[in-house]
Amino acid sequence: MSDHFEPVIVGFLCNWCSYRAADLAGTARIKYAPNLRPIRVMCSGRVDPQFVLQALRSGADGVLIAGCHPGECHYVNGNIKALRRFTLLRKTLEQWGIEQERVQLLWASASEGTVLAAAVNRMTEDLRALGPLRWGEKVLGDNGAAHLVVEEV
Amino acid sequence: MTHTVTSRPPTLFDNVIAETPGKALNLHACLQCGTCAGSCPSGPDMDHSPRAIFAMLDAGMDDEVLNSNTPWFCVSCYYCMVRCPQEIPITDIMYTLKRLAIKEGYYQEDKAPEFSETFCDFVEHNGRSFELGIAMRYHLRYHPLGAFKMAAGMGLHLFRKGRMDLTPSRIKNVSQLKSILNKAKELGGAA
Amino acid sequence: MTENGKPKLAMYWASSCGGCEISVLNIHENILTVDEVFDIAFFPCIADFKIKDVEAYPDGYIDICLFNGAIRNSENEEMAQLLRQKSKVLVAFGSCAYEGCIPALSNLTTKKATFEKVYFNNPTIDNPDRILPQHSTEVAEGELTLPHFYHTVKSLDQVVEVDYFIPGCPPEPPQIWAVLQVVIGALTAGQPLPPAGSIIGAGTMALCDECTREKKEKTIKRFFRPYEIQPNPDQCLLEQGIICMGIATRSGCGALCPSVGIGCRGCYGPPDGVEDQGAKMLSAIASVLDVGHESMDEDVLEELIQEAVDTIADPAGTFYRFSMAHSILKRVKNGKGAA
Amino acid sequence: MTDQKKSPAEQEKVGVYICHCGSNIAGTINVEEVAQWAEKNPNVVVARNYEFMCSSTGQELIENDIKEKGLTRIVVASCSPHMHEKTFREATERGGLNPFLFEMANIREHGSWATNDKEAATSKAKALVNGAVERVVHHAPLEKIPVDINPNTLIVGGGIAGITAALELAEGGHHVYLVEREGTIGGRMAQIDKTFPTLDCSACILTPKMVDVGQNDNITLLTYSEVESVEGYIGNFNITVRKKARCVTEELCTSCGICEEKCPQKVIDENYGAGISYRKAIYRSFPQAVPGYPVLDKENCTYFQTGKCKVCEQVCPTEAIDYEQEDKVITFDVGNIILATGYDLFDARQIPQYGYGRLANVFSSLEFERMVNASGPTAGHIVLRDGVTEPESIAIVHCVGSRDQNHNEYCSKVCCMYSLKFAHLVHEHLPDAEVYNFYIDMRTPGKGYEEFYHRLLNEGTHFIRGRVAEITDADRHPGEEGKLIVQAENTLLGIQQRTPVDMVILSAGIEARHDAEDVSKLFKMGCDHDGFFNERHPKLAPVSTMTDGVFIAGACQGPKDIPDTVAQGGAAASQVAKLISQGTVLMEPVRASIREEECSGCRICNTLCPYNAIEFDEEKFVSRVITALCQGCGTCVAACPSGVIDGAHFTYTQVMAELKGVLWDVQSDVLTKQEVA
Amino acid sequence: MKYSYYPGCSLEKNARSYHVSTMAIAKSLGIEFVEVEDWNCCGATEYISIEKVPAYALVTRNLALAAEQNGSTNLVAPCSACYLNLKKADHYLGENVDLRQKIDLALEAGGLSYQPGSLNVQHLLEIIAVDIGYEEIEAQVKRPLFNLRVAPYYGCLVPRPAAMGSFDDPEHPTSLDNILKRLGATVIDFPLKAQCCGGHMTQISEETALELLRRLLKNAADYKADMIATLCPMCQLNLDAYQDAVNAHFGTDYKIPIVYFTQLMGLAFGLPADELGFGSEIVSARPALEKITLEEPKPARTRERGKKKTDLPLPTRPEEG
């Protein structure tokens, strides 16, 4: 791998607003960072914190959860539950030493292609500044030297 | 706003945009509605309306644009800028056109550049201006008759009222100002 | 060691507190049956064995080895490897061996910080020369070594293959006895063993199933620490704002803690079908936080929710108290996180 | 232990199809490379790339491969699933597989169209394809769920769009609840004098339809009412409407109008009268109002404000006045909803340089519309604000608030035409008056519209191409004294012109209703950034919304003239009629279900469902999902701490597989033992 | 309240009365002005016409000095042109990275630096109307300006451009109207209140400039204004010093005194006229000031809505609504 670092972002996009915002961004030919790998969920309320942790564990440098604006949820208030979980998850991730920029929650309505594109661009820049996360190799040492890692004290 | 990057050499249109701070890119979106020209207090004295200038820029009529008196008649009232439906920073573009006209050696004789240049010259040496002194020097240099008229008319009035200075004030740290301005000139090029 | 035809039993503690051994002894008079059925091949807690003795056994000599304790250092791992090699059936016994348990909470910090705390910044320590244990020390008599202290605490199955898991901190004696009966049955009467890899000595679903407190719809405005309120003796503790991990914890203990008014700590690990106990717990209780409404201003909403969330003092330590080594992320990022 | 058995997932035979979409995808993504790469996945039996997968040949590729190669799972990488998921599910089904054994990777909208970087787009496409492949092997066959459609319909808004839709449905034999905020139906069209370009009398064509609405037994007309809550889903909405107290007993009122005549309190009629005329405190907006009962405006009623008066009560011959009347809350069930809530006019006071509100003789277009109307305050005479002086010159200013980044960027579509109509009406009423139309571009697309423009050219209207800069009463020269001076550049001449006139009409644009956002939230649908309701598809589904069973018609969706509005009202009605005649709709089987035997009965999920689709069985101490009510959001699935709620088609395993799939290139090479196991 | 104060070249001499009256009312209102030490000319509208980078460097030196001297993070300029130049430089430097880098280097050559956004640039009118507020102004009034008809004249550069966040409406500002009303004056609804005085056009095309001045004087005279209140030295100079020239050129006979609004405030606050710089205006304000009476005039009839039976209702204006 070259020195140039391109962050990988997993995006959980709700079917009704954010996924369509990304569709719209494409249809409007808005160019934005190709670093987002979107996964469609019916509602941001479907996002199980295990998905977020697993994404980080599996090599993502950041996770973007995107849903409808409060009050606009296709399922009334799934996004509010997403916000509650996100808030608690963020607090927990902080204890894990995971920077806030790595897991973000975004409200983007179906008409906000530009908002979504801008958020992806911004997040890509944030992550580029933070550097790679690569949990498996860098934190757990999955690349072999794993458990023998002896940190100098 | 998406802006297509091309490899062709920059036109005057491109330069105007590049040299103007703010949302100058909006110039591409000019609707030719004429709100600027309709709003302009000195519009009737311009040889092309601001709207026409933008159409001419787009048409590549560079000579005509830079020769035009339009930017020099801009009074900086900013009406065009706040009314423009496409949010084009028209007043700032007028300033840019003036700078480009000077840089390219255009502009008509006995028009504003001399006044502006006299003014700048003065500020660079003293750090402060005193408009009446400058006006006098400008007239003496370019329009001796005007200078006489001025001195005899309002100049005298003002002098009597103690509002006209013959000795300019000077800031303390002129050398600092000079080094700043010299560096700025070096960085800025003419425009 | 003589051959008497009895199956060979071993029990070893790695990084653990010793409670698991006590728990085994807590099966009371049944321990006599154990002695009757098994030959003790290795059990440092109750009899004097040397590693040399174990090394001398042929591979697979031990019929069943109850391994408790997490893998904290290189010695723990070496012993795990050795016992795996010498045992037919290796059981991760208790929460430490199964999923890291309390020792693995140190995965929420770094080795460096742990050493700082243990050897320097501790009211009971006087260490002006800042001496730290070294892996290798030269003395006149030769080289002395200590095991390597690992950066990350692991569960047993993260270093060797494990046949069965018995959860609990410690496993409840009746469950231990039940498991031993199955093993005895298999060894003596040829009865079938559960499939390899199973979690045994516990239920499959969440603890609420065996908790007798009355459960209603859950709408929680904020959380309380145990000292802050006097819980209603009959109502579900979680509904009262006391963090009870029961909803995300495997049954099997008989809901001991909730029955005496203490929220479940989660020592039996996640129920079947849940990978990350902490994340599920987090998700569930955040979902039922009854603050904020979709009609509110986004800023107000965020603030209200943050306020409610902040009534949970140490979410990582609370939700992952026992399952840190088995969690998806397993430890904190190097050099960061909670000290 | 690890390799003893192959997971069922690995035994699936997946076919992968990468679409070129002409050059839309293939121009940016190396489709061949992606297909070759995909074929290396152990589950993939065949991976192809093809020019247009959505074409019939493209779909046949899938069908044939299923039959010939025994495929068990299908992945198509092309556009958004919102575009063609249905198409490919059907192809999968025709091939003999359950349609849900299909997954789509969106490499166009989210891929090739979103970047110019070919390398990055290709690698993103691989990730998305891999995610889909890893996911699809875990898919399970599903069946769609039939839902009955309640044949009643709610229509919100009694303007021409709502009226049209209501009549279409009612005349087809379906029951309609028509809810209108004002005291009468009719809407904007009732305010207008003549319609362009035919110059029909607006009231003459509208009022018969209003009467039809009032008389149709299939229409429950709820005026002076507002929808308060909407619950449920397509086929089964539960509606609550607040019928505000009009202080008139409808059963007794004969619509004789005496109360209105005798009421001593005169109020500026800001609504129907556009602020240019007066009404009484008890009033009907206009004599042909439907229903004919008046409304008592408590805020302006002398009795309600001072406790004295009661003139209306005294004069009413049928004792229909009831000061004690209270709001009524009505609930009913419908299967479908049509929103036809109309528009607001741009408030010209936001452009101070046009002087509206400061210069008396600057009028808004709606003010002029009322003035020139025979039933308006001047009985159709065009006069200045003093009510008597006829103007000798009139300027009509186009694009007020429209085509302007400072206000509304969009073109309001109708202003050019109604400005031409105004010019014509001035010529008709005041043949000697000079009329100046100031415009940026003349927009007259429509049947007979350009011809109408030509007619106005012939009538001698002055057309000045230039957006008006300012309107002032500050005269500079004798010719300007006492006049309003309209200053603009005549852009065709390139000169600044000051045109002195007596009267100015500001052709204000169309805006979304000020409360459109609240309404959109109430009905759980979205607004675009201008505040208009979002249609499902700008071309192909103009009256549908993202919410099944909720339709939109008329100017609430965007600026529109009457013919377009009527067409949309009819279109929305036919959409609803289609659903009613179907009787049932098949809903996506994306539904939650609880594995009861594993449920611990913790009751975490019980409060989470916005549709109350989760019930608790007090006997068995387990929770249960009522499938008919579940809408499939998955919130309970994510929340269940025991992981015993399955979200069909978005299961834990499926999403996790997709997640790991899209991250194929960044996962650490050596997995820990736990994960191998 | 404490503010950094940037007087600008005009206030040193030509607009001395503006400076003097500003300082006088500051005392009454409890405002402390700390003059930026060794400030230089802002470049007016001239410098930017010649060279861009030096023009911004020239202005930014003042911002750097003001930020460094730390009188206050609020920087006040009474001159409209100075105000706009300072505000614009701060705004564009924050927005345009390229320009910012160049200015950073230029300032560095003089041992200075400036972080865009660290100062809040305000015009004198803004701090009086917004920070002090109308209530406080009214409270200070000891000698109301009853019967004095004043045309409030804002000119261009305070209300516009609005893109940087103007405190008043760019087309129809009202803050000065409100201040003058609180002083007891009769404020005319001056249609040309935000129109241009011609700026430097007097030096470039006198014909153009005189026409612009004529429009203003005519409109004020049409509305029977006793005087025009300004807030900009350039406006004051043009309208005052060129009034003779206008009369000569157009054959008119305007004698409308042009005063600074701060002078009127001082007068109403009961300060002596000579301490407020009165007398330095060329068209004397004395005859107008003599019209001030002790009694409040009968309230002017509010706008004539529905006065006659035939009248159609007039829509309300935002400030009335």
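Which chain is which? They are A, B, C, D and E, in the order written, and residues in each are numbered from 1.
In this section, a residue touches a chain if its C-beta (ideal position, glycine included) is under 8 Å from a C-beta of that chain, and two chains touch if they have at least 3 such contacts.
Treat the numbers as computed from the prediction; the structure is a model and nothing was measured.
Colleague: From chain B, which chain is the farthest off, judged by mean CA positions?
Modeller: C
Colleague: Which pair wins on C-beta contacts, C-D or B-D?
Modeller: Counting C-beta pairs in contact, C-D comes out ahead.
Colleague: Please tell me the distance, in whole Å, between the geometric centres of chain D and chain E computed from their C-alpha atoms.
Modeller: Centre-to-centre distance between chain D and chain E: 48 Å.
Colleague: Could you grab the centroid distance between chain B and chain E? Build each centroid from C-alpha atoms only and quote it in angstrom.
Modeller: 22
Colleague: Return the distance between the CA-based centres of chain B and chain C, expressed in whole Å.
Modeller: Spacing between the chain centres: roughly 78 Å.
Colleague: I'd like the Å distance between the centres of chain A and chain C, where a centre is the mean of that chain's Cα atoms.
Modeller: Taking the mean C-alpha position of each chain, the two centres sit 31 Å apart.
Colleague: Tell me, which residues of chain A touch at least two other chains?
Modeller: Those would be 29-31, 48-50, 54, 71, 73, 76-77, 81, 85, 135, 140.
Colleague: Two-or-more-chain contact residues of chain C, please, as numbers and ranges.
Modeller: Answer for chain C, listing residues that touch two or more other chains: 158-159, 280, 283, 285, 287, 295.
Colleague: Could you say which residues in chain E touch two or more other chains, in rising order?
Modeller: Only 171 qualify.
Colleague: How about chain D: which of its residues touch chain E in the complex?
Modeller: Interface residues on chain D, with respect to chain E: 268, 275-278, 349, 351-353, 356-358, 360, 364, 367, 371, 377-378, 383, 385-388, 472-476.
Colleague: Mind listing the chain E positions that touch chain B in their complex?
Modeller: Those in contact with chain B are residues 9-10, 12-16, 38-41, 43-54, 56-58, 61, 92, 95-96, 99, 102-103, 105-112, 156-157, 160-163, 170-171, 195-196, 198-201, 203-205, 207-208, 212, 237, 241-242, 244-245, 279-282.
Colleague: Show me the residue ranges of chain D that touch chain B in the complex, using the header's touch definition.
Modeller: Residues 353, 399, 403-406, 440, 465-470, 487-491, 494-497.
Colleague: Name, in rising order, each residue of chain D that touches chain C in their complex.
Modeller: 1, 521, 598-604, 606-608, 616, 621, 635, 638-644, 672-674, 677
Colleague: Please give the residue numbers of chain D that touch chain A in the complex, ascending.
Modeller: 80-82, 106, 108-111, 113-117, 120-121, 123-124, 127-128, 131, 520-521, 524, 526-529, 534, 546-547, 590, 608, 610, 631-635, 637-639, 647, 650, 652, 655-656, 658-660, 662-663, 665-672
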